[in-house]
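Two complexes follow with subunit A in common, the first pairing it with subunit B and the second with subunit C.
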Partner chain A sequence: MVIVKRKTLSFSERLYLPEIVRGLSITFRKMFAKRVTRQYPEERLETTEVTRGQPRLVVNEDDSIACVSCGLCEAACPAYAITIDGQETDRFIEREPERFDIDMLRCILCGFCEEACPKDAIYMSDELELADYSRAALIYDIEKLKRPKSALEQRIGYVNKINQRWQTPSSTS
Partner chain B sequence: MTKIILNGREVDADPEQPLIHACHTAGTDVPHYCYHPGLSPVGSCRICQVEVRMNAEAPPRVMVACRTPISEGMIVDTDAAPAHAARKECLEFLLKNHPLDCPICDKAGECTLQDYSFDEGQGAGRTVEPRRKLEKRKDLGDVIVLDQERCILCSRCVRFMDEIPKTPQLVVSQRGADSVIETFMDRPLTGNYQGNLADVCPVGALTLKPFRFKARVWNLQKSASTCAECSRGCSITTEVLRNGELKRFRPRANPDVNGYWMCDTGRFAFEHANAPERLAGAALRNGQGWTAVHPIDALEVARDMLVTHGTALLVASPFLTVEEGAALVALGRELGARPMFVSPPKNELADDLLHTGDPCPNRRGLTELGIDGLSAHDILAKIAEHESVVLVGERVAELMGPEALAALPAALRMIVFDSHLLDVPAADVCIGVPIHVERAGTWINIDGHAGRIAHARPAPAGVQLLTRSLEGLADLLTSETRAR
Partner chain C sequence: MNEILVWVIKTGFIFGGLVGTAAAMSLAERKFSAWMQYRIGPNRVGPWGLLQPIADGVKFMFKEELIPDGANKWVFQLAPLLAAMPAMMTIAVIPFAGRVELFGQDFGNLSITDLDIGALYVLAIGGLAIYGVILGGWASNSKYSLLGGLRASAQMISYELSLILTILAVIAMTGDLDLRAIVEAQNTGGVWNVLEWNIWYQPLGFMLFVVATFAETNRHPFDFAECEPELVGGFHTEYSAMRFALFFIGEYCAMTVMACLTVTLFLGGPSVPFWAAAPWFVGFAAFLVKAGFFLFLFIWVRWTLPRFRFDQLMHLGWKVFLPLSLLNLLATGVAILFRGGA
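Here is the complex of A and B:
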């Protein structure tokens, strides 16, 4: 049990009006001070190369998808957000995803998929917003996830820079 | 049995078998690509090198375990530094031209080359020359696709074709660095055992067309089961993808029945198991069509029909397990009828390796329970003499012939336990049953070997086990007789 002591009010406080004036003076002062809140939909958060937004799939310059549906991101995903089914292609890269679903409600934006990907096909984009009218609409399919490589260039450059720290010159041969 | 000393421990070894067999029997892992317990050893991949001393005084030698015969008192060290070094060098050569396409390769996850290079291989290649460029998608007939770049030339596939179906079709052609696996004049492979090539291939060079790029192997849930396609009852593994879809049947080593192999008929027999439109729960015929009901209500209607309409004919499916057969015999005792099962004619798939040509996987089990096999024609003749008939088990309607069943008079009372709704005029009650990958049980094969079938995936919602349905019907009949 907590005992709250009632404050004994002074004479001017008991008069009521001086305190109202004091309060309003704070209000008026703040009206002209610098704002600390962000006007969100109009003023968006700045994103940098370090921003880990929602994962997106890379589409190469020749319009083919970089993903080969190897399933490593699916296996690495700690939230079981990714589901992949593969299929055969006519291209030199023989395999591509037939279905690539990410349940954005499950995704925790951890970036394990990006780290697991051996084909540099999935990157954390700078897209952060997630709102819709149904849960089903938030399970993103392959068409919703595809982004041209140019749109992800900033993050790709950053990840490559980080990876160079432990890459030896010959390990890619 | 001969005694050898393996890694400082005295173990028994079969002198008829090579050293690697003794190592594996004793639980010591020795990597191997060209060696397969079901094929003759050739020692071409050299990855199974271990250090051997013929006796305590002899100097140590690094030898291939798959081509070293067992001799009394030999001292084997699989973990010696020279053996590790030899295996590592060997692995570097095997990977010299192997493409780094594990993300694409279907074998990834069950590939011993991948596993072993992860364990002991080196992180970076030292090679400066470009890798060999060969055919990535060589069509070898209806079942197999060959990727010559991935091939490590272990020649298991060549030996399999020579030794098991005894139809030599594959060959290592060219010489040295140009060696490739080929068929003569690029003819397609033939025979009913081609699927095993994808199993024996230690890498992803030979892949199955129906499985190609369909699933990652670590996503498949595996259960030990028995093949349903003939009375041999080969031991198999059923592999199910996350949504309950069957993706593969693969042979499971069982020296008493099938060795390491299975035929393509059984291997690719999962398509009908993936078919949609299953009968969930039960259905009753009303005036125009069918009403979905709970199986217990359907069983009560069935009980009333059987009580009022004379002696029923009990016709079983040959896919019934022993347990279900026993429940059916008990039901027959209640009804005063002796059940029989539909026995389709022998098909032309029989060979002298595994396939018996008899499509009844539990013929022996059912016969021993006193359920005899009759042809569909004979059973139809018997149905004509009865007022009511009970069809029991998956695919029973298919084996009886849907046209013949459709021609039966509507006055006949027919109770059907099947996986699909049988929409014929004679049918009155249909009760759903689980198919063979959705229930556990026992099939007795032609040689009397009991094969367990496994519950690999759940049955559709509302479907209850056939044993439960049959026992429920028998119980209802018992209480009916007591009430009277």
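Here is the complex of A and C:
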């Protein structure tokens, strides 16, 4: 048991007024202190390479999509947010997604899809804003998910750097 | 010039100024509170958020107004008006400045009217403000609103006593109930007219009066009418839309009137330091500066001090303020007796 002794106030403290004046002087000084508010839509937080925003599909330099619709990300997704239907293509990779939907309302931004992808085709972007008027509009299809490689550069570099850790000298050769 | 026209112009000017001040105060309150908390405050509506009061007003007009099922509809609708009206009525006797001469016209003294019993009128009408709060709380048919109204009325009654007793000391010094005469007695001419201000003769009375005005207008740290943790809001819990806004307009108007009254009674009203014969507009500007300081003080204190506990408030009101104001009155009386009459 702890007995907390009530502090006996001095006479000036019991008079209230000197303490009130002290409080007032503090609030007055703070009026000129530096503001901490960030004016959101104009002033955004800076994202760094570790920012794990919404997943986006990588588009190569020749405008083709890197995804081969293997379905690994669909399987890895813990929230069942990804739906993929594949189709044949004349390109060297032979398969590409006909349909690649991510239900952004289900997506938990865990980044498992990014880790699962064998073709470096899906990355977590630095895009964080998610608002719309209907649920249907928040199921992003392939057109909404496409991003040029250059837009994801920062994150791709970071993931490659992290992946170095798993590579033994023999596997790199 | 037609006397009635002059009256209408003066009434419109002062009344418009009061309501405008109330609107500006709603913005100033938010701006200053923001600055004291390292924030920026409203800045989206117009430059510096200056149009915020208009936006708020439009919003309040278009909102749906709810009247609870069990409410006493007649009283429920009347209460906000009762809360806002007394403050708007008491502004009538505040002497803002001396004789106004503009465009070669004589407009008379800058106040809606100079009543012989101005101080009495202010106290009588100002005391009515409590009806708006308690009736609003009662008519809502909600226990929280009722408790909020009861607390507010108990508080206002206890502090009104010390408020009246301190005003009484000033009246005793001047020997006149007319606010204009009280102002003129504080500015009889000469360079050192600052020393004639009642604040130097009634320092204790001034202090008691200022604190009592905080309680009288239900402002922090005495805002017992409202309290989110205990009362889910307060006496206005059930109110919405424009009637809700009316309570706030009333509160800000009451603050403005109380600030004006403090200036009139203790700071010489429109008296300009070291310039006894200042023209009316300089006096009016001086009045606004002084009243502006007290309005700022209302906001300043609100964002500095936490709310009192209810028993502490009652203790302060009845056991500290009442004896002190009585003592103040007694000391004033003795001083007048020995100096040979007022």
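Simple rule for what comes next: the second predicted complex is superposed on the first by the 138 of 173 C-alpha atoms of A that agree within 3 Å, B and C clash if a C-alpha of one lies under 4 Å from a C-alpha of the other, contacts with A are read in each partner's own complex, and residues count from 1 in each chain.
The rule is simple: a contact is a pair of C-beta atoms (placed from the backbone, for glycine too) under 8 Å apart; a residue touches a chain by one contact, two chains touch by 3 or more.
Fair warning: this is a prediction, and the values are worked out from it, not measured in the lab.
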| item | value |
| --- | --- |
| Subunit B versus subunit C as contact partner of A:I20, first or second or both or neither | second |
| A:T37 touches, of subunit B and subunit C: first, second, both or neither? | second |
| Partner chain(s) touched by A:C70 [first = subunit B, second = subunit C, both, neither] | first |
| Comparing the two partners subunit B and subunit C, which touches a greater set of residues in subunit A | B |
| Which superposed partner A:I93 touches (first subunit B, second subunit C, both, neither) | first |
| Subunit B versus subunit C as contact partner of A:L9, first or second or both or neither | neither |
| Touching residues (chain side subunit C, partner subunit A) in the complex | 32, 35-40, 207, 300-301, 303-305 |
| Complex contacts: residues of subunit A adjacent to subunit B | 68-72, 74-75, 83-88, 92-95, 118-119, 168, 170-171, 173 |
| Complex interface listing, subunit A residues touching subunit C | 17, 20, 23-24, 26-28, 30-37, 39 |
| Interface residues, subunit B side, partner subunit A - complex | 102-104, 108, 123-128, 136-137, 212-216, 218-219, 242 |
